[in-house]
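Just below sit the structures, each encoded as structure tokens.
Both complexes below contain chain A, partnered by chain B and then by chain C.
Right after this comes the complex of A and B.
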């Protein structure tokens, strides 16, 4: 274990370097809503497909469809071409193209905003100059005096692009989940690794009853720890909470059970409490980064995109973002609930099997 | 009615224990009857603690079986309600106080709270109740350990070096309480490494090279003295 620990900081550097290897966000999922359905609007849409950082993944018919796509996390940027777009451009009238950004993830939002700025400057200038030339102006004059197409940005779910809304709750919960993971890592070895384990074994108390009681105490304590954090976040700091508080607590409870199961598994696998702590730190520390909360999962290397879902922290922080900003509903959240439940079931089952195997070996 | 006509409280039948390539126990057999104290004498690293742990079900033999009150201890944990254990290593809960240890262990054993009060008085632990267990001296610790072992009113005590290196008062108190326990029909298996303590036993099982030979205490002491004498003679010849 010491040899492994020697390489953990190096592994951490390699992991983070790999994680952020894309360096910038490209291929931001974008949808176009063409309400004009004209040749001009189609030409304009074609220009958007050529934008470097935008990946046009959907052509939608209505504003409603765009709303649903952004709320469901399938689209980050929506471009709405208004009715009469072609006509307005031809007549030299100012027209407004609406650019909608999903503000619930600040990393996506700021990158999308920057990408759009590049597009809007170029497209607006070209369109404006063409308009003036079309009306008889010399090209040079047009370049000096064009009327650009006005692009208006709206950040949904986090309209003021407030980093505190995005990061504060997550950072607080990150520290909390690290503490919970470390405490859970003592669940088994905290007893079996101590000399007092002899007293427990000699007493004849049911091991099932003992560890269920201990686990329930842990889980209740973890939930009691999170209550003041949520109070501070939502009542004092007024961070956004779109979902019902009961739903959030239920989701948090599933997460607590899942990380407790992971900690219990680690606790069953090691031979002393120090190793359990080390293993707990190895998982707890990078789990927040790997959760995709700060750096989107879609932007991670392909292999990591699948691997990160092994961690309950990924399910939790992804789900937390949806619940607090968007409240997408029970059906949408089902996979997140299921991911945490399956994690708990698998980890507890393996822990039990490990304990039974150790008993047999004795 | 002689002791031998009563069923033994504990029977160990042909116990073997191997650690890797090392044979620690090689066919150990012993019986303990009500009212009897069987001493297990063994020097360091002879397998004494291993044997005692096996008798109480903390460790599994490589072969052989142990019966307590006629029941094979491999088939369930009910026998543990009849047994009290004092380990050689400090196995109480170090981060709890004396009172908390008594309370917690009573809960683990399902023992009535009334037993705690009587044992506190019996072992004169009143002045130490709020002290952390890791701060009490060795004599108080061993008194507490035996009190915890008696919480469930066992019929069999397994004691591993209960009075080693502790003050005389605590030694005397512990031995007196063990005698009381035996006089009330309890049985005791007592691990020790100082042959002078053998006079407190009814029988002495001498553990050597993985095997047990049972002697009367006086006989065991005589053999021990002879061995010491022979080693002294060897040293004397070497000096010459």
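Right after this comes the complex of A and C.
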């Protein structure tokens, strides 16, 4: 267990920081199939080369080659410039450029779609102005007729859309909370399940004192475990932290108590250590998906939107997102603190009742 | 020959049925997790994104902008936010996830050729919101710009036909292959299902030998005149059957109730499932043979779920993962299975195109099966230098 507690979360930091070291999704592999081979088509291709996030990695000769490249996953975006492109544009005839996005990976697809939408707006406007001029309109008039409305966009709280900022800390803490669950699942069964339990009982040690001492040790250990993780996350990896560090630590402490109470409940509900671990992990594993940290709670079905708040992980990961990115203030965070405290109170109370019931049976 | 194997298998089935939590894990948990995740992702697309519009201009043009957003099904306008300060506060508290700010003199400046712009902001603290809002906003902006230009051209005296000609001089037709509705269910759900099958499949069988070790009955197997391969087959047979049934069941449920796009050759899907079944069952058996106790198996297998899923490249693409890490991920069967399943069911590829994946999975299946069938019948010395509860056997309550 000590290996799990000491090394697994730290390995998690290393793994996830390494995994998301590219940080933002730029350089989406893009291929161009230029069937026109004209100056006009090359100019058009140049515009794509300059597009943010697209990286032209291949110039293919045929549509079939493009199909194969996209199917094989080597290319995510394909642009097919048709034959007679330059001639059609020059004569003011309609021409259709096909832009294909591999939608099988949404991280790519949403970014690629946004990149292409930006390009098409510019390209269409330029082509339209050229056509108007070609049909005899003055350039100023054409520009006036095609006068675009400027739209500016700002990504708040994570301006560079950094994927590492979004996910690395949460994934590290997800591994950490799983380790905490495993350890706290030993809280009761780790004593009552051992033969030495009879010695402890015979020694006359107060059960309350024993429980509090063990739980305090667990909670302090979990907090000590999180300190190097936060140091690495905020100091070394420079992940964002908008709130005061003390506030984050207080919030983490409440979560630790809540998660410890859940582990304790598992520990008192079953008859051996393996089952306690299994049950604890059966809750800890899906809790990250259910917490709404990635797929938003608002998009879940109404019943599930209420049910997910049973898990302390939901309060924690939602609160973590607010504290690290937005710092919305103490009043706003109160329900999050309360949610964790109530979870802890309920789980500890049930654990005590279960334990008392077992003692009575014996 | 077959009788011995079947007897061992029968004995293993009794073990599963007698242990309620193991029974739950083998028969119920895959279904329960799949249903839970299915419910999470059932919406599949982010619609009704809470959006605030701060319209400081209140002109006809600015109202057109508001209408453009109102008519888009992806957005739901939160009417009570009317100022920039309220927008800032709403974004901080999550009341809204996006905002549009139309400046006070927008319409006037535009008509006087002055510098003016509409500001769109979105919450990038969660990039699922961020990416989708950005894409959806650009779609609205492009449509609005096109309509606005068409109106201006009409004002300049061009006929409908001429306007169409001018605006579609270069018609950029954006087509999304394989997942045209940008469905998160098609993208993510089957990856999660494969991880559920992988982890629970391995965990179930990984407890089979550790359980015998903890009950001191493993010695009977080791000393009995039964060859190793028969023990392996007998012990693994129930799990091979259940794991494959779970695979088929979860695919059917995902397709029927969560509406995941599952296309492609049924033969290839079954073949993938069979190879995956062999890999996870025999890998679990090997883990069980060489691990001292159930507790250690449970802990480590569970803890590996998230890292295995993340490094597989199923969400964050391979191209943006360091090469060495990609190489390490390629050693894991889950990486190949997830990729193979996506290529067959979403991209509808044939054996010619996905042959290498089948080859690698076939080799993995051969390796794990071979190693399992030929495990050495010897007992490892017990680990005595650690706390008993953590590395020893389980301790049932008195």
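A few notes on this one:
We adopt the following convention: the second predicted complex is superposed on the first by the 217 of 362 C-alpha atoms of A that agree within 3 Å, B and C clash if a C-alpha of one lies under 4 Å from a C-alpha of the other, contacts with A are read in each partner's own complex, and residues count from 1 in each chain.
Convention: contacts are C-beta pairs under 8 Å (C-beta built on N, C-alpha and C of every residue); 3 or more make two chains touch, one makes a residue touch a chain.
Small disclaimer: the values here were computed from a predicted structure and weren't measured.
Of the two partner chains placed around the shared chain by superposition, chain C is the only one that A:107 touches, whereas chain B remains out of contact. By the document's definition of touching, of the two partners only chain C reaches A:288; chain B does not.
Set side by side, chain B and chain C differ in how many residues of chain A they touch, and the one touching more is C. When the two complexes are overlaid on their common chain A, residue A:274 makes contact with chain C while staying clear of chain B. Of the two partner chains, neither chain B nor chain C is touched by A:216.
By the touch criterion defined above, A:139 reaches neither chain B nor chain C. Shared-chain residue A:198: touches chain B and chain C both. In the superposition on chain A, A:70 makes contact with chain C only, while chain B stays out of contact range. Note: residues 194-195, 197-198, 362 of chain A belong to the chain B contact set and to the chain C contact set alike, using the contact criterion stated above.
Those residues of chain B whose C-beta lies close enough to touch chain A in the complex are 53, 56-60, 77-81, 83, 85, 87, 89-94, 105, 108-109, 148, 152. On chain C, the positions that touch chain A within their shared complex are 21, 25, 29, 33, 36-37, 39-43, 46-48, 50, 91-94, 110, 113, 115-132, 134-135, 137-139, 141-142, 144-146, 148-149, 152-153, 155-156, 162, 165-180, 182, 184, 186-188, 192, 199, 207, 294-295, 298-300, 302-303, 305-307, 310-311, 314-322, 325, 342-343, 346-347, 349, 353, 387-390, 394-398. On chain A, the positions that touch chain C within their shared complex are 1, 4, 8, 12, 15-16, 18-22, 25, 27, 29, 44, 70-73, 76, 89, 92-111, 113-114, 116-121, 123-125, 127-128, 130-132, 135, 141, 145-159, 161, 163, 166-167, 171, 174-175, 178-179, 182, 186, 189-190, 192-195, 197-198, 270-275, 277-279, 281-282, 284-286, 288-290, 293-296, 298-301, 304, 321-322, 325-328, 332, 358, 362. For chain A in complex with chain B, the residues that touch the partner chain are 194-205, 362.
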